[in-house]
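Quick heads-up: structures coming right below.
Below, chain A partners chain B and then partners chain C, in two separate complexes.
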Partner chain A sequence: MSFISKPKVANPSLPSNELGLNRRDYEGSMSTLCAGCGHDSVTAAIVQAAYELALPPQSVVKLSGIGCSSKTTAYFVAGAHGFNAVHGRMPSIATGANAANRNLRYIGVSGDGDSLSIGVGQLAHVIRRNLDMVYILENNGVYGLTKGQFSASADIGTKSKKGEANEQEPIDPVLLALALGASFVARSFSGDKEQLVPLIKAGLSHSGFAIIDVLSPCVTFNDHEGSTKSYAYVREHSEAPVAADYVAPQREISVSYAPGELLPVTMHDGSSVLLRKLDPDYDPTDRAQAAAYVQERAMRNEYVTGLIYVDQKRRDFHARANTTDAALNSVPFERLCPGAAKLPRILASFR
Partner chain B sequence: MPERASASPRVNDFSVKFATVNGSGSTSANSLVMKAIFRMGVPVVSKNYFPSNIQGLPTWYEIRVTRDGWRARAGSVDIMVAMNAETYSSDVREVCAGGCLIYDSTWPSNTLLARDDIKTFGVPFAQLCNENFEGARARTLMKNIMYAGALAALIDLDLEVIRTLLAETFAKKPALVESNMKAIEIGYRYAKEKFACPLATRIERMNATAGHIMIDGNTAAALGCLYAGATVGAWYPITPSTSLMDAFRSLCARHRVDPKTGKNDYVIVQAEDELAAIGIVIGASWNGVRAFTPTSGPGISLMEEFLGLAYYAEVPAVIFDVQRVGPSTGMPTRTQQCDLLACAYASHGDTRHVMLFPDSPEECFQMAVKAFDLAERLQTPVFVLLDLDIGMNDWMAPDFKWDDSYQPDRGKMLSDEQVAGLSKFHRYLDPDGDGIPYRTLPGVSPKAAYFTRGSGHNRFGVYTEDSAEYQDVMDRLTRKFATAARLVPPAIVESRGASAGIVSLGSCDAPVREALAILRRSGTAIDYLRVRGFPFGAEVEEFLATHQAIFVVEQNRDAQLRSLLTLETAVDKKKLRSILHYNGLPMPAVCIVDGINSAMATGVAA
Partner chain C sequence: MQPTNTRDPDYYHKVVDCQWACPAHTDVPEYLRLIALGKYSDAYMVNRESNVFPGILGRVCDRPCEPACRRGRVEEKPVAICRSKRVAADLRDDITPRLPKAPAKKNGKRVACIGAGPATLTVANDLLPIGYEVVIFEQYAIAGGLMRTNIPSFRLPAKVLDEEIGYVIGMGADLRLGSPVASMRKLLDQGGFDAVFVGTGAPKGKELKLPGRNDTDRIHIGIAWLESVAFEHVDKIGERVLIIGVGNTAMDCCRTSLRLGAKSVKVMARKPRGFFKASEWELEDAEEENVEIIVNHAPKAFVVADGKLQGMNFERIEYVMDGTDIKDQRVVEEVFIPCDDVILAIGQENAFPWVERDLGIEFDKWDVPKIDKASYQSTRPGVFFGGDAAFGPKNIIWAVEHGHQAAISIHKHCVGTPLDERMPRGVNLQSRKVGMNEWSYKNDYDASARRLMPHVSLKDRFKRLNIEVELGFDAGRAAEEVSRCLNCDIQTVFHASLCIECDACIDICPTDCLTITTNGDEQDVVTRLKAPRLNPDQPLFVSGPLKQTSRVMIKDEDLCVHCGLCAERCPTDAWEMQKSWIKIPYAEDEARCQSEPALRRA
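Showing the complex of A and B:
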């Protein structure tokens, strides 16, 4: 049996959140990924974010496709239902699940192969639907699980472990998401927990589709010299124009910054994301500027990270569908079925 | 079984075919005639033969008037309304000897003279329209309505019935009632003046349609989805299934909007393709609603990977496959029963699926409801296999019934209270020995959480690569399939002890029943079994065992039902003889009668 269950050791010394749960209560089963794999750090950041937000575990739904990255939904929030879909098709499962119950939090985890090759169609359309979910794309530039082939996010000139160079144009998920009108677009690095955890929290509070492209190195197949997705390269070449701090609904915004530097964005659930401008000219609510900025830095071999774009006003999937506020799966049958009394009227139009 | 009455055979027993150009408004004229006959109490069968095109190609509509209430296509034409110059010569050829031809005599045509064994009625439709109506569009539309008027005089339709129908159709546009009625009357008067009306081939009022409706199977299935409490529909448009979702949408707009909030108790997603459509259905069903997708063959091909996941991870899903002619894009607007094997074994690996085979709109309504019950009870995909003929043609059906005591069978879904009482939940155990495990919904309790995956898993729902654990789950799925055979609707069996039998399914029922009556009149007794579900129940096995010769009647080239019978029952393959019809048109009874008679003649069956 390749499943490794984690012994739960009660540790009274661990701090607990408002629900009385500690960080370990948000963990899942033991990871079977390679030691040092970036994906494990992303898992840890999700655990931290869920713990800090004090999410009831059962209020979370975890979804993924297929790949090393997609396996990780088993490694966090054991008390949540999880669904490993087929390769590249998690967005449609998420759409259906969310259609059935709009009142849960949907966390999707995918890889660059899962999202940008086989699944690029489903990713494009779930963005267009503005489905309320967080979509974490664990981006390592390769297909980890099938042993290191280039993925569609591999940069031109990047070298595989065996030494071949990629010549095809990469797909940048951030630019793709911006082009398709995603309402929350962020990028981060698995090695930067300070940046990643608040972004996940903000994404979870965002009403609509929140995509976070997380550069998450594959230590086994793509962490060498000549790779643009290695730990060393990403660390060297990342730059954030804004920093995002998450502020829970009831908390006061207490940090003080020079005027003009601070941009509080109020999220749907009453929380806010405080954006601190590191580049004074950057405006994360301007989609065209955001895309130009990302593209321009990419030409200089730099990854733009942080909360790149946010639009809180875009109507989400259910708002557009005018769905009832209650979870559809809780609407009683009596309300759904017109019953025998109404049938004659319906049939009358067929005579 | 209605027997042929002995009165004058042409009264209330003939067929009319309309040859027109699509996009010219002929559909409303044709259905007006069909509805008028139906309202006069005379049973009708209607078949629409339309091109995969929006405007300008030939299209035909056939009305069979059948006082005996047969439901199959006639297979011959008594009256042809030939309004399309392009198909004129072949249309003229199709009229049976002694039949009639109605044509536009504005421009004399030589081919008219091609036959002297039929009666011809020339009406200068174009000229009459030009004299009476303004504008090119109105003239084209009114020409079509006008032929309905001329036909009404010839076959003695009641103009008041037509007026009432028009008034209902154009309730919101009274001006259209008048202009349409004017066109009808012009055609009617012309025919009355010039010809000896009515013909011997005509309509006489009956009282055989009371308590019946004219409805297509797609609409009926959509109504079933509404009544079954389905709340999520996902689809990608494809003929001939599109009208199922269209109907569901308009039914929901009327019956599923909360009057207090104005909000919808349903979600319809037009997905980017069929892969996504079935994914949405699986995700929604997994999360506790009744969800469905309507599609056709090409969509089934695309859905295969997901269907295997739903089978193996045990997630309910309801798929309506309105079959059309394959392979590949095939003939999208023609009918066939060609997806039986594709659905039965959809997806790689060992997979087998539950299928239902409605024979009529009435069963589409009932089986739509049944499909959701079965999908949730069995936690597996359920296919409802319609075909274009059932799905898109109007059929006369007895008024649908609904029993308010119906409660949806949500299957083994643990309630919140049951979850609360759990010490630990395991997803794939078989405590009841029927192969069906228990499931829980997200959002209830951390205790109920489990992980759904298409990768190897053991009975606890945990990832595995252990041979014994894998096999354990696969063997339980086999037990579950055996349970399914006891739950699907049983076959309809009509045995009178004959040594030969017919086995058939779906829309073949109409021609099979008519063929059986014809054969009986000539002294040939044959038993009949119509399968309504897959996996096959014990009654199918028994019928196959107790008959010496079995004719398997179906609408595809490769005898797919016969293949399924040989694969899934103990029947001796040599006993099964195929009668196949696969040209894309609905099967007429004569095809079966001929097939059986020639088999009898060669001594294959006694």
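Showing the complex of A and C:
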């Protein structure tokens, strides 16, 4: 942890986006996480993605629960709205906020403890709801804030810092999401921004629930020999069946790839995600195959990374609930709250 | 790319832009930190080791360090290095006990120095402590050379000169005032000296041969006129003065004129402002005193009627510019500008009428002696040149550096070792870590703007010639100003074997200096830097291959603000902040090295 703040001086060659903001404008306050924490790299990837998408900071809502990961929402897009929820309860807050104002971009940041232990019920239901948000799960396999006990995502056989091996089955958030019908499922690594930044951008453009499980090593309690979530282990045991490139709406797809290898997915906002197949047999739109593939690789101690599954046709929370198109704060008060006189009629309609 | 060899003393030296740009390689960040701590005497001594005249140079140095200052690249204005140096000099305690002393037992070698200016005084400063007998021949009745005669006392008070010259002479130099050397032959044949150093400056002002030049006595040569003012032979000038030329001497001439009774002073420049030779700050100081600078006027003729100077005719020129270059020019009209006096300040050159041409000291086709650029020796062994006498007009800080190098050469000449086998520079590194995220330097970036130098009011400064215009920074203002220093000598040292490629340093670096990428040749690698390389003259650090992926860490030194955040955010101490000490060898080191052979082997 540093005691000085990051100097405001920037490289004069730093470019600006369409809003006239440069990357530094999307930063937040100084991180107080351990030096070398993977979460800080995820933060940097979010900053980069928000800058590249030229998100107006005031259109962003950042939400989190409790834990090391959940501190990180303070470290990006200082001009955004934010809510730091009770442990594991961020999905409910996100649902309420999104129900009230569907015009904002929701970025939830959580960890393996917040999402897979105390908050696993909340996570399960927000996936089912297909709420329009990006859910970034910073996954390091330990409870860092309480000094490194195994979390629910710790793999069998992985060693604690003291040398004990984990015996319990891990919850794989990717498989969980696939099982519960998530419409955008990805996995990445904090040390691979070339992969992570386009995934965050694609997730933000995706209409519906986008979960990105980011392997984000705990440099203090889980970066030793024998750990399956250390920098070195993840680097050696990652494999991406497809590579995803994000293409902004106004850009033409000009990159040339070998035919048959390229699968463009058009997002609801007009942007595209170009999927380049690295494994010719892999189909990221086939949910059953995706689940099988991830499971099979896991048995071989491999992390499947990249955009694992995407479905643009599934209807999101608002479509299913048939809500109004406008944010509630833009609906006139008389319409939003018709008053006691109209209440009997409304009640009658449910009889 | 090959891993960068940071053991090369020049690598980290180059990162300290100010020290690299300083001809005498003053350890600027080190003394600025000492000023911040209020250790003015220590700061003075750090200065004195390399530049010998901190009080003088803190007022009138040409400050090559400031345009080089990194602060000027990340922000608009560099640190006010020069004037901070003056603070060290102004606020120091008595440092005489800390000055080098000449040994009681001399080494039996005698050196003659001609001209008591900065080059000679540096030679004496370096040679006296190692046992040389130094005889200084000075034509005038007072020492200082150009510093005394050409720099007006309202910029450089006599007291400051006397003190710092006194430190050198006080070591036991044999200063012979009023002793011009009329014949080099006689000095070489009859002087009994083991070596001769010529530090006679560039005392000849350039002429402007135009019609009317010899018809009046109101046309003066700038440096000669300044000299006459310094020696109080001249104490007044006409009301309307034209200065021809726009270099630093011109600035001194126009400001001096204002103090001797001139009411209207115009500096006449042939070209547009971008071509002025004068330093920006000297122009500012002159313009503050309402000196008018008139551009695009080429002198045509002096107009003299009835034996009295009436004024000058100029051709007004229109330039066709291509960016900053002149593409074409044409004369638009002829203009007459009335005046009472004209001062010519269009350059100066060295002159050696007293050096016989058959002594083995060769002169080139411009009648300038042929001097070796590293040893400062002429073509006659044992005769050395330095300062403006060597390569024409430069400035004081260059003269000091010439003096240091010539002193080494003179020593090597006297002990009979080859002049070109000089001690190399060295570099020492020492960690600045004193705890978790604690450093023994202030790494927090101070966003303050450059402090302004307070001046004596325009009403009061003209009352006497020798009222020093700049008041100097007080302790508080100096402390604020030196806090702007980025501590470029606190180096980011990288240990590739410790890096786990977590990207923490890449993410935190405020100026995007760092990149981890696959290696390749330079052209290829620079295309993958996190931020484009803006300044190819600045060094690029390339590490050896990293453990996990065999990629390399690259640092573009250009905009590093030495905040130390890369080291603070590094979980494995792969980045570390270390102070670099650039070891610059002096004559004393050569002497010690020679007496202790073990040192030479090391």
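Definition applied: the second predicted complex is superposed on the first by the 323 of 351 C-alpha atoms of A that agree within 3 Å, B and C clash if a C-alpha of one lies under 4 Å from a C-alpha of the other, contacts with A are read in each partner's own complex, and residues count from 1 in each chain.
Keep in mind that, in the parts below, contacts are C-beta pairs under 8 Å (C-beta built on N, C-alpha and C of every residue); 3 or more make two chains touch, one makes a residue touch a chain.
Treat the numbers as computed from the prediction; the structure is a model and nothing was measured.
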Which superposed partner A:84 touches (first chain B, second chain C, both, neither): first
Partner chain in contact with A:38 - chain B first, chain C second, else both or neither: second
First, second, both or neither for A:59, with chain B first and chain C second: first
First (chain B), second (chain C), both or neither touched by A:99: first
Of chain B and chain C, the chain that contacts the larger number of chain A residues: B
Partner chain in contact with A:299 - chain B first, chain C second, else both or neither: neither
Chain A positions touched by chain B in one structure and by chain C in the second: 1-3
Footprint of chain C on chain A - complex, ascending: 1-14, 24, 34-38, 40-41, 43-44, 190-191, 193, 217, 219-220, 223, 231-232, 235
For the chain A and chain B complex, residues of the former touching the latter: 1-3, 56-59, 61, 73-74, 78-86, 89, 91-101, 103-104, 121-122, 124-125, 129, 318, 321-325, 327-329, 331, 333, 335-340, 342-344, 346-347, 350-351
Residue ranges of chain C in contact with chain A within the complex: 74-75, 437, 443-445, 447, 500-504, 506-508, 510-513, 531-532, 534, 548-549, 559, 561, 563, 565, 568-572
Chain A contact footprint on chain B (complex, rising order): 38-39, 212-215, 219, 223, 226-229, 231-232, 234, 251, 255-256, 258, 261-269, 271-273, 275-289, 291, 305-306, 309, 399-404, 406-408, 440-455, 458, 462-466, 469
